[in-house]
Amino acid sequence: MQKLEARNVNLFYGEKQALKDISLGIDPNTVTAFIGPSGCGKSTFLRCFNRMNDLIDNVRITGDILIDGRNIYKSKINVDEHRKKIGMVFQKPNPFPKTIYENVAFGLRIKGVKDKSVLDETVERSLRQAALWDEVKDDLKKSALSLSGGQQQRLCIARTMAVEPSVILMDEPASALDPLSTAKIEELIYELKSKYTIVIVTHNMQQAARVSDKTAFFYLGELIEYNTTTTIFTNPKKEQTHNYITGRFG
Amino acid sequence: GGGSSKKASGTLSGEIKIDGSSTVYPLSEAVSEEYRNEESGVRVTVGESGTGGGFKKFSRGEIDINDASRPITSEEIELCKQGGVEFIELPVAYDGLAVVVSKENDFVDFLTIAELKKLWEPEAQGKIKNWNQVRASFPDQPINLYGAGTASGTYDYFTEAVVGKAKSSRGDYNASEDDNVLVKGVSSDKNALGYFGLAYYENNSDKLKLVPISANGKPGILPSQETVSNGTYTPLSRPEFIYVNAKSADRPEVKSFITFYLENAASLAQEIGSVPLKPEVYKLVQARFDKKVTGSAFGVGRSTIGVNLTEALSSGTK
Amino acid sequence: MVSVKERIIEVILFLCSLLTVLITLGIIVILASETFNFFSKVSIIEFFTETEWTPLFANKKFGILPLVCGTLLVTVIAILVALPLGLTIAVYLNEYANQKFTAVVKPLLEILAAIPTVVYGFFALTFVTPLLQRVLPNLSGFNALSAGLVMGVMIIPYISSLSEDALRAVPKSLREAAYGMGSTRLQTAFKVMVPAASSGIIVSVILAISRAIGETMIVAIAAGQEPKLTLNPLTSLETITTYIVQVSMGDVPRNSIEYSTIFSAGITLFIFTFLLNNISFVIKRKYHQKYE
Amino acid sequence: MNNSQVNRIKDTAFKFFAIACTFFGLLVLAVLLYDILSKGLTRIDLDFITNLPSRRAASAGIYTALLGMIWILVLTVIIAFPIGIAAGIYLEEYGKRNRFANFIEINIANLAGVPSIIYGILGLELFGRILGLGNSILTGSLTLSLLVLPLIIVSTREAIKAVPKSIREAAYGLGATKWQTIYSIVLPSSFGGILTGLILAISRAVGETAPLIVIGALVYVPFAPTNPMDEFTVLTIQIFNWVTRPQAGFVTNAAAAIIILLLFTFMMNGIAVILRNRYNKKTRF
Amino acid sequence: MQKLEARNVNLFYGEKQALKDISLGIDPNTVTAFIGPSGCGKSTFLRCFNRMNDLIDNVRITGDILIDGRNIYKSKINVDEHRKKIGMVFQKPNPFPKTIYENVAFGLRIKGVKDKSVLDETVERSLRQAALWDEVKDDLKKSALSLSGGQQQRLCIARTMAVEPSVILMDEPASALDPLSTAKIEELIYELKSKYTIVIVTHNMQQAARVSDKTAFFYLGELIEYNTTTTIFTNPKKEQTHNYITGRFG
């Protein structure tokens, strides 16, 4: 069974259609890259998977989104519970203005976990997974805002993993970072693949080529081409895809 | 200071609410301030809504004592009846109504009642705008008027004494319940003419010029302690009262306060620029209070212009 | 599916915001019902056409015009002071001054709007009027001029700060385009920035007018209490707000015609400011959309 | 002269004119402060603060007015703050979707512009007469609560709006419910902004005079209030009372009381500015 | 003589140094591209040439910038006049909220030109040069804001050309536009080269390769490499340049 599946998804912001009849399936424990020019709907589509678009006024969605075969828009699903299973990492690092520790512990706290040892353990495990533990282990009580951008982004990844999701959605997670931090994040994605299903939106074609197993190319709200990353980059079937990856526009 | 007996702060407590005349206000204020040294537990508030405004509250039972610069009217008596309020009427001082102009005014030597009438009657509204319309020998300059607000006893008294009918006045002048505002206005306006209680003049005599008033062809007379007290300053002299709610009068703190009031009114009136009653009159008044004589000694329709208090009080007491 | 607790919280929060509607309703109902009483006794035509306002006197006249006229006269004086000064300051702070200067001066000017109005009343009566009387010997002790001038100074920051905000909200790129083409600062300011920020500036002026119309203490202390249909700023006059204060200071019996006059005067004031506020709100909405 | 020179001269001329305007505003402020300080500073001493009112200017004090003000403020804070903050949260976080919220928004913008004296009329009729609370402290603070409510709501909304969408999304993304997100992320992050608004609201309440006159607070109250049903006087009313008295001594008293009032106002506004700056620095996300 | 020249330019925003000792010369009638990751100082450097950085508080510049051999920071130059000679086009189209006609005529109006025929003529000529005349000639009185993004950008170019500059600085002029508009702008740049000296900042490497004669690569405020575009893209001398153009970061 596919981990994530979209069937004929259309999405409207008010009058404006941002996604047009998109269908695609994503296998477990793979990395999938969404690419396409600015405004083509990559983020919008990504956010359909954890119903983040619900937060925006005037959004209307048709079609089905299935996670582990369950339609998350149809059944009487508890959205908050659902989101706990789908982690999300954003373009700009967005730590809470709290301590590093409290950032990572947040997901547990809202679940009502109060046991100090459980919290400590989870914080450490998550920070280790995000390859941040060694850098911050002595400063857990410091404000997360005092970290560098790259560290903040890894903190956000750690925070996501603390609630043990099975899918991680990443919206241009490295675009605000320097080359070194970018490399670290890419490495991390590669490592996390064994445990999670990862979907990543990126502007950087080389990044898509480096980290992903499959790539989907979007243009003006449509899914133009979806294939293995190698195929997309070496032998695209559509001219638009070709034009885009060779930098004719975007 | 006016407090005659300086004993240690008393044992009474409670609240006494006073409101009403702004002419009587300085006296009540002074009394309650001195009374504070006597009985610090009793909390006295004094408002100044004007005599009429005060009687409105008094008749609703909202206040214990109403200050009045004229006797209660028959309508107000009726209102008190409807409100179930019985009252004790106590004269506490005399006042002269001062007619004043700015210090810079050098042409007004005196005014006759007739001239005042011409200036203040309702028909003057919008028409009499210049000094030379009052008397041809006055200069052709605008005249700016300042006078008591319509809720005040001063207004009622002045209109009755000058125009001949209570509450009958032009409306286009600076009207305030607060005589301080009038003092302020007249003193800073060289074209001004205004009227208010003598006490307010006495306190601000450096800024104002008092106008002698001539009635019935007699020469102009200035209001003063003497002319007011001996009745020569007519028709603009009048008694001031406090009206005590008879129910409140049973409360010990009110009783003690009123006694204190009457004991000290003479000296405090002098201090603030009002004219005290004669000592024997205060005795009569105290007796009236002690006996809880309710009702007004000034029968309906009877004017207080030129009234003889001793006579009125004795007639009321029997 | 939303949990019960979440629902309850939402309902409580909702009720709190609903309260604001009740306040408005309260204002309108209370003003309107007494005004209704008023107009059952006084003809509405007299109210708008009669030129004298003497409801407290024996010879009662109920023309609101003198009060409206007094209010507008003081407001006009205030705006004549505040608009040129405020707008110039806004342009200066935005286009000429450096950030540090702006950061210091803007809050300092805003102090002007934070000072309690009773203080301005004091200042107008005890400082400005005597000062003006040296130049204008015919000036009454209570007068529209000093009240208006002082009120004008008070509302400078409404115009300068809000206009400065509006100017600052103009996309930086427009300003750069103007400079890029060789405009001087003055040209950039008045040919590009002010027109682009015009709606925001208009909003600031309307708010300032509305504030001036509703201002009470300055006029109550310094402008006098004589309802007079005049355009002469040197004499005393009475504004709507002063009249309400004047009546409130004496106690007026309920259900009397005098009592309902505060409500008819109050509703006139309310309608003025209500219209102004709504106009500014609509403009504000529009221009927010423009830049988003 | 060529065109470019003319333009430069105009530019410079405007600059000097504008500097003059700016300093005129500040000059008036300076003159006002100087005038008041010179009239009232010498009058301020401990007695002035602790004395009860008196008919003699020299021995009158502001004790009852100060206590009255504190009573009024405390009650206003208790009444208005929770309601205002709750309403602000609703409008910013919940109410965006429906038309009714839009209506409430217009309504609040309107309320913020209603002249304060109208609130006085509302308070007089609603609290003073219909609810029968008279001219008590409670009537005063209820009236002022209504007056500052729009202010609190607006500043709460501004503060909440300044919290970046991204950290909200992060919280939702972790499965937090709406209220959890608001309570544990949004409110702490906007705390500084909300507090700033609250302090400005207090400062506004301290400076109001007209609505209190309308509800009938202009009386001689020579004792300190002890409960919410007591009659009261506040600093601004005391000043108004003294300003209208003609004797020089009371003008001095008024000036001295104004100094105290301004100290209070400036302190409040100063705290607000400091808070705003500090908070802006700390939470630059 | 070189049209533009920078000699040891250092620029500080307050404490922070944004440009480090940059020297470079630009020949007349060429197109030069500035490339580099976000924040490396491209825009800052570009804006040195028309003293646009003067508008920002706390900016300090050392070194010399010469235009036609004249030092624009040293001599007592009239900045407003100088800017008229150096046109500038910005990333986001920024027409004034006026009519199309008034946008183009703006530069003349502030010079004090009032003659209607001169204005008309200049407006037409500039719009023709910007390849916009045919699309808007019937709508000159319409608001410039009613144009599409691509048209707005060409309008901004026309506006710039109306004051007859000799240099045009472009800061990512096509990054907010769709592929079609981008192509039009690129074409335009190519045509304008014969009359103007053009400097263009771009994020899009392929765009740099397509339109420019020479390319300068910036990184962290330093000019890493400056050479003919062909050399930079096919045979860069520095590893950082190589990494950047192959998409290792940015």
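The letters A, B, C, D and E name the chains in turn, as written, and every chain counts its residues from 1.
Going forward, a residue touches a chain if its C-beta (ideal position, glycine included) is under 8 Å from a C-beta of that chain, and two chains touch if they have at least 3 such contacts.
Nothing here was measured: the structure is a model prediction, and the numbers come from that model.
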Any chain that touches subunit C and subunit A: D, E
Chain whose Cα centroid lies at the greatest distance from that of subunit D: E
Length of the line joining the C-alpha centres of subunit A and subunit E, rounded to whole Å: 36
Computed distance of Cα centres, subunit C from subunit B, in Å: 39
Rounded Å distance between subunit A and subunit D, as computed from the means of their C-alpha atoms: 46
Subunit B and subunit E: spacing of chain centres that average the CA atoms, whole Å: 84
Shared interface positions of subunit C, touching two or more other chains: 125, 184, 187, 249, 251
Contacts with 2+ other chains: residues of subunit B: 19, 178, 181, 184, 187
Complex interface listing, subunit A residues touching subunit D: 50, 52, 55, 57, 80-84, 86-88, 90, 92, 94-98, 106-107, 109-111, 145, 156, 159-160, 163
Residues on subunit E engaged by subunit D in the complex (per definition of touch): 78, 80-81, 110-112
Subunit B-touching residues of subunit D, taken from the complex the two chains share: 52-55, 134, 218-223, 231, 244-247
Residue ranges of subunit E touching subunit A (in the complex, touch as defined): 37, 178-179, 182-183, 204-207, 243, 246-250
Subunit D contact footprint on subunit C (complex, rising order): 2-3, 5-6, 9-10, 12-14, 16-21, 23-24, 26-27, 30-31, 34, 84-85, 88-89, 91-93, 96, 105, 107-112, 114-123, 125-127, 153, 156-157, 160, 184-187, 207, 210-211, 213-217, 220-221, 241, 244-245, 248-249, 251, 254, 262-263, 266, 269-270, 273-274, 276-278, 280-281
